[in-house]
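Presented sequentially are two complexes of chain A, the first with chain B as partner and the second with chain C.
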Partner chain A sequence: MGKLIVSPRLAAPPRLAAFTMLGGLGAGMLISAIFLLTQGLGLSDLASQFLGYTFTDPAGLDQTLTRAIPLTLVGLSVAVCLRVKFWNIGVEGQLWAGALAATTVPLYHIGPEPVHLWIMALAAMLGGGAWCGVCALARLKLRANEVVTTLLMNYVAYMLAQQLLYGAWRNPEDSFPVSRAFSPDETLALLGFGHVHAGIFFALAAALFCWWLCSLSRVGYMARAVAANPLAARAVGVPAAAVVLLMATLGGALSGLAGFTIVCGEEHKLTQFIGNDYIFPSIVIAYLARTSPLGVVVAAVAVAALYTAGDSLKAFYQLPGATVLTIQAILLLCVCCGEFLLRYRMDWVKTVKVRA
Partner chain B sequence: MKLKNVAACALVALCAAAPAAQAQVKLDGKPKIAFLFLGTATDGGWSQSQNAARLALAKAYGQKIPYVDNVPEQTAKVEQEIDLFLNHGANIIIAGSYGYSDAFAAEAKAHPNDVFVNMAGISSTPNLESFYGKTFEGWYLAGMAAGYATKSKSLGMIEGFPIPDVLWDVNAFALGAQAANPGTVVHVAFVNSWSDPVKEAQISAAMIQQGADVIATDMDSPAALVVAEKAGKYSVGYQVDMAKSAPNGILTSVEFHWEKRLIPMVAEIEKGSWKSGGTPLYGIKEGVVDDATFQHIPADDIAKILAVRQEMIDGKFSPWTGPIADQSGKVQEPAGQTISEDDLWNMNYLVANVKGSMK
Partner chain C sequence: MIATLLAAWAATIPAFAAPFLLATVGLIINERAGVMNLGAEGIMAIAAVVSVLISLDGGGVGVALLGGVAAGLVLTAVFAVLAVLLRVDQVLAGLVTFALGIGISGYVGDGYDNQTIPGLSALPTSLFGWMPKTLAGVLDQDVLTYVAFGIAVLVWYIIEHTDLGLRLRAVGEDAPAADAAGVNVALYRLGAVLAGGVLCAVAGAHLSLVGSHLWVDGMVAGRGWIAVAMVTLARWNALRAIAAALLFGAIQALVPQLLSSGLNVPVYFIEMSPYLATLAYLLLAGMFANGADAQPVDLGRPYLREERR
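For the complex of A and B:
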């Protein structure tokens, strides 16, 4: 006889960290593949849709990269907040706040015309940052749980956007609930590869900046202290509240910037559904990347590829749109399980009967 | 003299170049069709009428026609779906939504050798045609039926957005009712959506409470008709025959038969003789729009309606012949004159016997 003893590890060896991550992903992909096979897909279909079309086909790659731009930014948003154990479930609201703030610039002619695009980016960051910063303040001052506040702020931003689109910002030409189109100066340039636009530079620059901030800067160091033990951090003189507020506001600003890349890079106007379906992938991406900003870029491209493949599954195999969400959930659960193995060690202990 | 020659040469060159720009689109290989739907393929209205066209095309051409449904009116999403089909070998992309117009124009420019069709769209290029139905013909006849049926002389109509091709529906309905039963008014409400069954049902109930005894829906779902049926009132359906939703009270449905134009169009494309017609309108004559069997009104009245229908087919009657006055009493079309198709696309008023605001 024996029993299983689960005990926390004091330190996880880096090799194990990589192994559990890959193992979790591998197991997730295997389960997803089995799931898709039960939905009537052939093995060759799987290979051609997931590997062939999403990465090797220029058009598929174009879609994947275009999608990855806002996904990278919302992934970074969650990752940066997680660095101080701030659960940001509100990327959609922050994205909307950013998009709304950016849209005010062309609609109300704010600032000189030639630099409108830059003012829009700045406004979007301010809007998104404020949307998340308020929740951080509420946590610090009122002890309001940020999981609840950031989540609820999603609805506030969405309803505000609909109110404006059906009211003051409605397109004057045809009364459609979209803003009037931005002028070419107010849009992000295409880079000559399908729909990929200059927003990709914003996403990459944001990732580099977050990497620098988290890994090299003093703020990043303090954030690690706050995340590990806020009381101890405060005791040794780390301004814990300020660090949480700063990181949460930065996180919101990143989601706001995602809203900017969508309205300026893809839609060229404010439309009705731009903020939909970002919360879940943002958490998946941040988690798959283990909150590493550079890892977020890779995870965002992978999740974007999943969406690209999901589109063709929907179009050619009539699988429902929820298939992609299911696969994301499977991957996330498997990686979480891998995380468990990383944090805890499991030993099979033989019980020895001692004779009296 | 020399300058004149140069000018003449330039003119000749221009004239030679002009037909080239207008030339027929030459597909690479056989037609391979794909559809995008705004709602679900079985929404009981708009997308379902287009799905019927998809199935008819599939039968006519013996090919499986892929589709995606629930594509939002969001440029990036529409372009992604179009690219997906093009990259999998499709060369004719068919959809139907006003809100897809920008995305279709951009994609048509980027892929000049493929053909794009956006029913109810407003954009066109040499390889993009946005045709639509003369829905006003069907609505005028439905308005006559409602006029004959009503006792309270008060009709209700539920609308999506106040854009020209929706305004002409309510105006034609009101003019038809006025012709059949002078003094009839149409109460209109705009939902600001193409499909919002909850709101449609609420508005329908409110209109009935205020005395309307015929409810017409210009929306993608039969929700308003179900309410009218329960209240024992008459109704008019749209897009597909909605008789199943209101068997005891429905007068008719203004139906789309998109395949009547799409099947010959694909044949022309295959032959290489197709040219984009811009934003043409097809009506009862072509069969793209028609009313479902009229019922629940006396046979004499149905005969009068069918007589007007025949005059429309023969080109002897248009609902848009003046005098037509708007709500403020201003004459929009003087007596004896008929509003042209171009002017219809600029319609921005409600006619005199419509009650309600475009806001």
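For the complex of A and C:
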């Protein structure tokens, strides 16, 4: 007989890190593929839906890229917050707050008309940043668990938006619960490829900025210290609280910006359901990217492609809408399991009988 | 007119509050052992859909409830393996559980939407005939709702007043110390997670068997997440969870009454109020607790003897 001993690795070998990540992803994809095969899809269908349609077909690629814009921003939001071990599961609320703040600009004619778009972007970042910053402040000053506060703030923002859409902001022309349409000056330009709009530059610029911030700047360095050991960081003079507050506020601002790209780039007005179903994808994207900002862009495009494929599976194979969520869950599950092998080592220790 | 409206409102509160209460008490068991399960929403969804499927297949209410609980338990086991055995970050493990539950329930329930089942109805009105009408309305609930309130009291007693509860709390407050005192941390956490999952599953079954009598995709509608927040509002105490559940249940029961009454009131602001109240409560507790807040100290910290602090 023997005994299984699980012990943490002091340092994870980089080759093993890559191997567990790829292994986890591969296993996840394999399970997802088997799952879809049992649903009556053929192998060739899978290949054509997931690789062909999403990336090579213009309509599919259009959908993928358009969806990747807000997904990149919310993914960055979670990733930046995770850099200081701050769980941001409130990206939907921050996205709503950003969209609401952006919408106030055209509705109440704030600032000069020609620069409305820029004011809207700024307002969205302020709105989203405040929505998350408050939660960071509550954690730092009052030890309120950020998982719960960011979660609750989702509902507050959503209810606020619905109240406005059914009340003061309701479209005066047809009484639908949407705001009045924005003027062309207040929308993001289309880039001549389907629905892809200038928000893509915002998303890419945000990713580059976050990469600079996390990898090259002093703040990113301090963030790493705070994440590794807040007490030690404070002891050597890192302003730990300020760093957490800054990163969390930035994270909120990024989600707010995602709201801005949706109302200004896709909807061209505030509508009722813009902020639905972003929480889990944002976590998946940030985690698969291992919180690396440039990795987030790749992961966001991949998850967006998953949604594109999901839509067409729904249309052509009558698969339920839950397909995409299930696949994301399976992928994350497998990567999490792979992570265990990376962080811990397991040894089988034989118990030796000692004769008295 | 106002009196009848209030009476009608009061009569619907317990059935609205019961799923919140069951899920919150389940999560309290989890969190007192140091495990935060964000997957409640998914567990509730899977239990709700399986109960409906069994009912549609001709199963009785009891069988449907058991089936729902079994399905919820399987999903909880996934969370338990991730969070307790593999020591994956609990937030992450919970979110995976949430997505798996919602995703799979969408799958198995596909095509069975909106098919009504007999479900569980309230106790016969004749039992309450001798009471004042309003009181009879409030007390005339189904068995499962009564069970929910009974379970809350039972769990409170077990956690606060038995040796089992003491060990459970020790695991949640200071896992290394509990381990040193001879408590099997992983075993207690596993047990707490599974017990909590059972209660979340009963909450989900309550939603479909008592509440809606049918399955619709997305019918849990955030109640599992609300339960996560309600744990803080109840300050990790199963008795206070009754008050918290009644608050949320009362507001949720108020909304349809207001909508049908045709009064012009800001419905969404009213719906928002319990969330704001929870936030305010959380902040006030932080301001006045003087370092003695109720959150279990080891909440969210995976424990491994080899990693002792």
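In the analysis below, the second predicted complex is superposed on the first by the 345 of 356 C-alpha atoms of A that agree within 3 Å, B and C clash if a C-alpha of one lies under 4 Å from a C-alpha of the other, contacts with A are read in each partner's own complex, and residues count from 1 in each chain.
Assume a contact is a pair of C-beta atoms (placed from the backbone, for glycine too) under 8 Å apart; a residue touches a chain by one contact, two chains touch by 3 or more.
Owing to the predicted nature of the structure, the values given are computational and were not obtained by experimental measurement.
Student: Tell me which partner A:166 touches in the superposition: chain B (first), chain C (second), both or neither.
Tutor: After superposition on chain A, A:166 lies in contact with both partners, chain B and chain C.
Student: Look at A:340 in the shared chain and tell me whether it touches chain B only, chain C only, both, or neither; answer first, second, both or neither.
Tutor: Touch partner of A:340: chain C, not chain B.
Student: Have a look at where A:314 lands relative to chain B and chain C in the superposition and call it first, second, both or neither.
Tutor: In the superposition, A:314 touches chain B alone.
Student: For A:268, select first, second, both or neither according to whether it touches chain B, chain C, the two together, or no partner.
Tutor: The answer is first: A:268 touches chain B but not chain C.
Student: Output check: A:325 vs chain B and chain C. Expected answer is one of first, second, both, neither. What do you get?
Tutor: Only chain C is touched by A:325; chain B is not.
Student: Quick check on the superposed pair: does A:353 touch chain B, chain C, both, or neither? Answer first, second, both or neither.
Tutor: Neither partner.
Student: Where does A:174 make contact in the superposed view: on chain B (first), on chain C (second), on both, or on neither?
Tutor: Once the two structures are laid over each other on A, A:174 reaches chain B alone.
Student: Which one hits more chain A residues, chain B or chain C?
Tutor: Of chain B and chain C, C contacts more residues of chain A.
Student: Is A:57 touching anything from chain B or chain C once the two structures are fitted on A? First, second, both or neither.
Tutor: First partner only, chain B.
Student: So chain A touches chain B in one structure and chain C in the other; where do those two contact lists coincide?
Tutor: Residues common to the chain A contacts of chain C and of chain B are 166, 321, listed in rising order.
Student: Quick one: which bits of chain A touch chain C in the complex? Just the residue numbers, please.
Tutor: Within the complex, chain A touches chain C at residues 5-8, 87, 89, 138, 141-145, 147-149, 151-153, 155-156, 159-160, 162-163, 166-167, 279-280, 283, 287, 320-323, 325-330, 332-333, 336-337, 339-340, 343-344.
Student: In the complex formed with chain A, which residues of chain C make contact?
Tutor: Those in contact with chain A are residues 36, 38, 78, 82, 86-88, 91-93, 95-96, 98-100, 102-107, 110, 217, 222, 225, 228-229, 232, 266-269, 271-272, 275-276, 278-279, 282-283, 285-287, 293, 295, 299, 304, 306-307.
Student: Applying the document's contact rule, which stretches of chain B touch chain A when the two form their complex?
Tutor: So the residues of chain B touching chain A come out as 34, 66-68, 70, 72-76, 79-81, 83-88, 98-99, 102, 161-163, 192, 358.
Student: Name, in rising order, each residue of chain A that touches chain B in their complex.
Tutor: Listed in rising order, the residues are 53, 57, 59-60, 62-63, 66, 166, 174-178, 181, 194-195, 262, 266-268, 271-274, 276, 311-312, 314-316, 321.
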